[in-house]
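Labels A, B, C and D are assigned to the chains in the order they are written; within every chain, residues are numbered from 1.
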Amino acid sequence: MNDQLHIGGKAFESRLFVGTGKFADHKQMKEAIEQSRSEVVTVALRRVDIRKPDEHILNDIPQDVTLMPNTSGARSAEEAIRIARLAKASGMGNWIKIEVISDQKYLLPDNEETTRATEVLAKEGFVVLPYMSPDLMAAKRMQEAGAAAIMPLGAPIGSNRGIRMKEMIQIMIDEMELPIIVDAGIGKPSEAAEAMEMGASAVLVNTAIATADNPVEMAKAFDLAVKAGRLAYLSGLGPTSMRANASSPLTGFLK
Amino acid sequence: MNDQLHIGGKAFESRLFVGTGKFADHKQMKEAIEQSRSEVVTVALRRVDIRKPDEHILNDIPQDVTLMPNTSGARSAEEAIRIARLAKASGMGNWIKIEVISDQKYLLPDNEETTRATEVLAKEGFVVLPYMSPDLMAAKRMQEAGAAAIMPLGAPIGSNRGIRMKEMIQIMIDEMELPIIVDAGIGKPSEAAEAMEMGASAVLVNTAIATADNPVEMAKAFDLAVKAGRLAYLSGLGPTSMRANASSPLTGFLK
Amino acid sequence: MNDQLHIGGKAFESRLFVGTGKFADHKQMKEAIEQSRSEVVTVALRRVDIRKPDEHILNDIPQDVTLMPNTSGARSAEEAIRIARLAKASGMGNWIKIEVISDQKYLLPDNEETTRATEVLAKEGFVVLPYMSPDLMAAKRMQEAGAAAIMPLGAPIGSNRGIRMKEMIQIMIDEMELPIIVDAGIGKPSEAAEAMEMGASAVLVNTAIATADNPVEMAKAFDLAVKAGRLAYLSGLGPTSMRANASSPLTGFLK
Amino acid sequence: MNDQLHIGGKAFESRLFVGTGKFADHKQMKEAIEQSRSEVVTVALRRVDIRKPDEHILNDIPQDVTLMPNTSGARSAEEAIRIARLAKASGMGNWIKIEVISDQKYLLPDNEETTRATEVLAKEGFVVLPYMSPDLMAAKRMQEAGAAAIMPLGAPIGSNRGIRMKEMIQIMIDEMELPIIVDAGIGKPSEAAEAMEMGASAVLVNTAIATADNPVEMAKAFDLAVKAGRLAYLSGLGPTSMRANASSPLTGFLK
């Protein structure tokens, strides 16, 4: 089955994107990324010490993945735009995940500022993936602004609480043409599988892998779960019913 | 990682048990079983035409799996016992999944009759796996009666409604020594993964595979999901929190 | 609207049963019972010091309610039967709520022992209300044994976790003729209302009232919620839909 | 207990707002409003035939309620503003519920346009209550724009699906100073009670009342449920726990 994910002119086999925060060390991060088989990896530009290219985190990210720097730390469209340009100038490519966050408790994204940044950066040739609070109309605006995919949060970042905003994410999946990538909140492989069964194009996982007792094995688990969910989506899930439906014949056996 | 499931003196790599009902034909069933990589397959004795060994369903079940005939159609302990003995006499081995059902609408098992049948058959040397309505005290009785594993339903048979009895199943997993195998109700790979993350020892899936648009591919999806859920359980899921927890550093970047 | 609950030859206006445990003192308990407008109150015989009739808890339970002593502390049918007889002999009437619990962690009832006690006590003329782990077939056995109503748990006693066993309780409500009274687990008035909307005949609440910051006001809240849920059930809830349905006209206004 | 809701300089006893759509006729609507004891009633200006004051819907809305005309039918801020002014000019007062909807399938509000309309109308002296897609940052913008309260949807209008966006609505309740009024989606009294237990300041219900078999009785049920939920919120809900907590003493009774 040929089932690639296409974003920004690239084609991917894996539908699991991973983040690089919260790992014990670079070695563990590297192994986890490898075992996740992820082809898109996000990294906060803040972590990259541009002045010391020999020491920085990028050296420990596998070379064959697509780097998706994020604008973590930005509190406005302007700051996000500056960070994006800085990332590009540093040789990190033209992909950018926009995060604009001014709420420090729940780390919720600001959809309006995010849309503004998306518009500017898309015009400059970036492949823009906005992180957003699930909202169909805001997602449509980001699409008009040139987004390459939409990344709604399932629950607050790092909460491991699952896809709490399912209602709106399902509507977005059903109504939008752009790939919908569920980002933030996914705490278990079963939740990643569920997002894929709903029809999400991909998921991004970081905390759930990095804070597991065994992050490297957990990365494998997420790889399998995302594949399972995608395959289920493509294979057409059976109908649910309120009553029972016998799997085995029930009557008359011993008559 | 050595992580085998041990039941009735056998060891299994796969923790996905599958059923044989509702497939379009034997060929599809066979392929689905193969792709599921399942090592335990349940079949209603009723389906097996004992008089015509050349034609029956058993010919299309892979030879290397453990056959688990079930007593589907039994409405009492006595009927279940008769069916079990018949299965054994027909050369189907000494494993038996006990189903005693008198409710024809929701097909809910009768825990008391099931326990009675378990006791008789365990004494006769059967490896007994009782299908039951989730209830810790009933499960303990089945354990005392000699059950080799306990198979609580997640939701009514064939409903594809998921693990609706989660509360009690989690308690059973936490409190029982015997393997807990979630049977009935699982409609999606994500739900199978969830059962495994909860600590179930295995899951049994039939309707969700057989009624998918593509049962063979769906069987693969369940195989992956069960592996994902088991691996996640073994890898130690991270904690959930009400608030957000930054994956990426948030402050001071552009100062 | 005449909508009384009939059990054991009595008719009740209120469908909220309350318990007497965990209150700060008898005065608070008494006020809470009064404000709950409950007409059926359960009390553990253990709390009643039979030798000192002047001091015991019964003096602080309003005179006009039906007393439903419970067999809390019983670990077998025999113990439950003894407690029931003792309660009757002490002048507490012929109602009895059977609790047979041997699991000390989750306090889950033992359906088989409970059914046995039900049978003996119903024959002796008790109005028997068995507390049970939700299970349709076990409930049918209790009905045959002479139960006057069935009291399935929503979640473990005192957990305030809500109606976690909804799937099976709904089936019991739909399939049984006897009144179904949801007992244990209800932690919020909204959950009591939900039980009533599902078609439960009544609910029993104790911990959620007694452990509130203000138990007397919380008792009022539960009274209102139970009335609301019952009224909603009788008024025929409207259908749910996946899509939106305009409440107000949407098109052409400003054309 | 003095527990009034204050909005736009007015104080209300009832925290149930009701809508006027979908009733069988004006007589039924009038009775339902009366029985709901609601003090704030929303009406689509579109329904009001301004040229024929003798015949219009306003004659059947109780005189003592606060009228909250809504801008249903508006697809942009400009249209909403025009409708609001028209409502005021027609003598319907200075309250306005802003609805700006361009999505015709799920009828989801457009937060950006809604914020723009809020700003203009608040400056003109309107008491503005924006209907919105739950999003903390958008709500903060509406607050800055002069909103008097925020009305997030629980689920799509008329779906009767309950509070599906609970995660974000709870965050809004916790983080915002303005009253949060849950609007749209509430299908059952238990769900209205739940919104109030979460700390919502009020709920708006229309479809669930109007499409009940008996809308007048259902209006009563919602009145009771909202009071129950509010009272529970004020009375301090007890803690939930994973384990059981005995309501009655468990040990040693028969020793």
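Criterion: contacts are C-beta pairs under 8 Å (C-beta built on N, C-alpha and C of every residue); 3 or more make two chains touch, one makes a residue touch a chain.
Each chain and its UniProt protein: A, B, C, D = Thiazole synthase.
Bear in mind the structure is a predicted one, so any value in this text is a computation, not a measurement.
**Student:** Spelling it out: a chain qualifies if it touches chain A and also touches chain B; which chains qualify?
**Tutor:** none
**Student:** Please decide if copies chain C and chain D contact each other with the same set of residue positions, more than half shared, or with different positions, and reply same or different.
**Tutor:** Here the answer is same, because the shared fraction of interface numbers exceeds one half.
**Student:** Among all other chains, pick the one whose mean CA position is farthest from the mean CA position of chain A.
**Tutor:** C
**Student:** If you average the CA atoms of chain B and of chain D, how far apart do the two points sit, in angstrom?
**Tutor:** Going by mean C-alpha positions, chain B sits 46 Å from chain D.
**Student:** Roughly how far is chain C from chain D, centre to centre by C-alpha average, rounded to an integer in Å?
**Tutor:** 32
**Student:** Between chain A and chain D, what's the gap in Å when you average each chain's C-alpha atoms?
**Tutor:** Each chain reduced to its C-alpha mean, chain A and chain D end up 34 Å apart.
**Student:** Could you check chain C for residues that touch two or more other chains and list them?
**Tutor:** Residues 105-106, 108, 156, 161 of chain C touch two or more partner chains.
**Student:** Can you name every pair of chains that touch?
**Tutor:** Result of the pairwise touch check is A-B, A-D, B-C, C-D.
**Student:** If you look only at chain B, which of its residues touch chain C in the complex?
**Tutor:** Going by the criterion above, the answer is residues 102-103, 105-106, 108-112, 133, 135-138, 141, 155-156, 161, 164-168, 171, 175.
**Student:** Give every residue of chain C touching chain D within the complex, in rising order.
**Tutor:** Contacts found on chain C: 1, 19, 21-22, 44-47, 70, 72-74, 79, 82-83, 99, 101, 104-108, 156-161, 187-191, 193-194, 197, 206-208, 210-215, 217-218, 220-225, 227-229, 231-232, 234-254.
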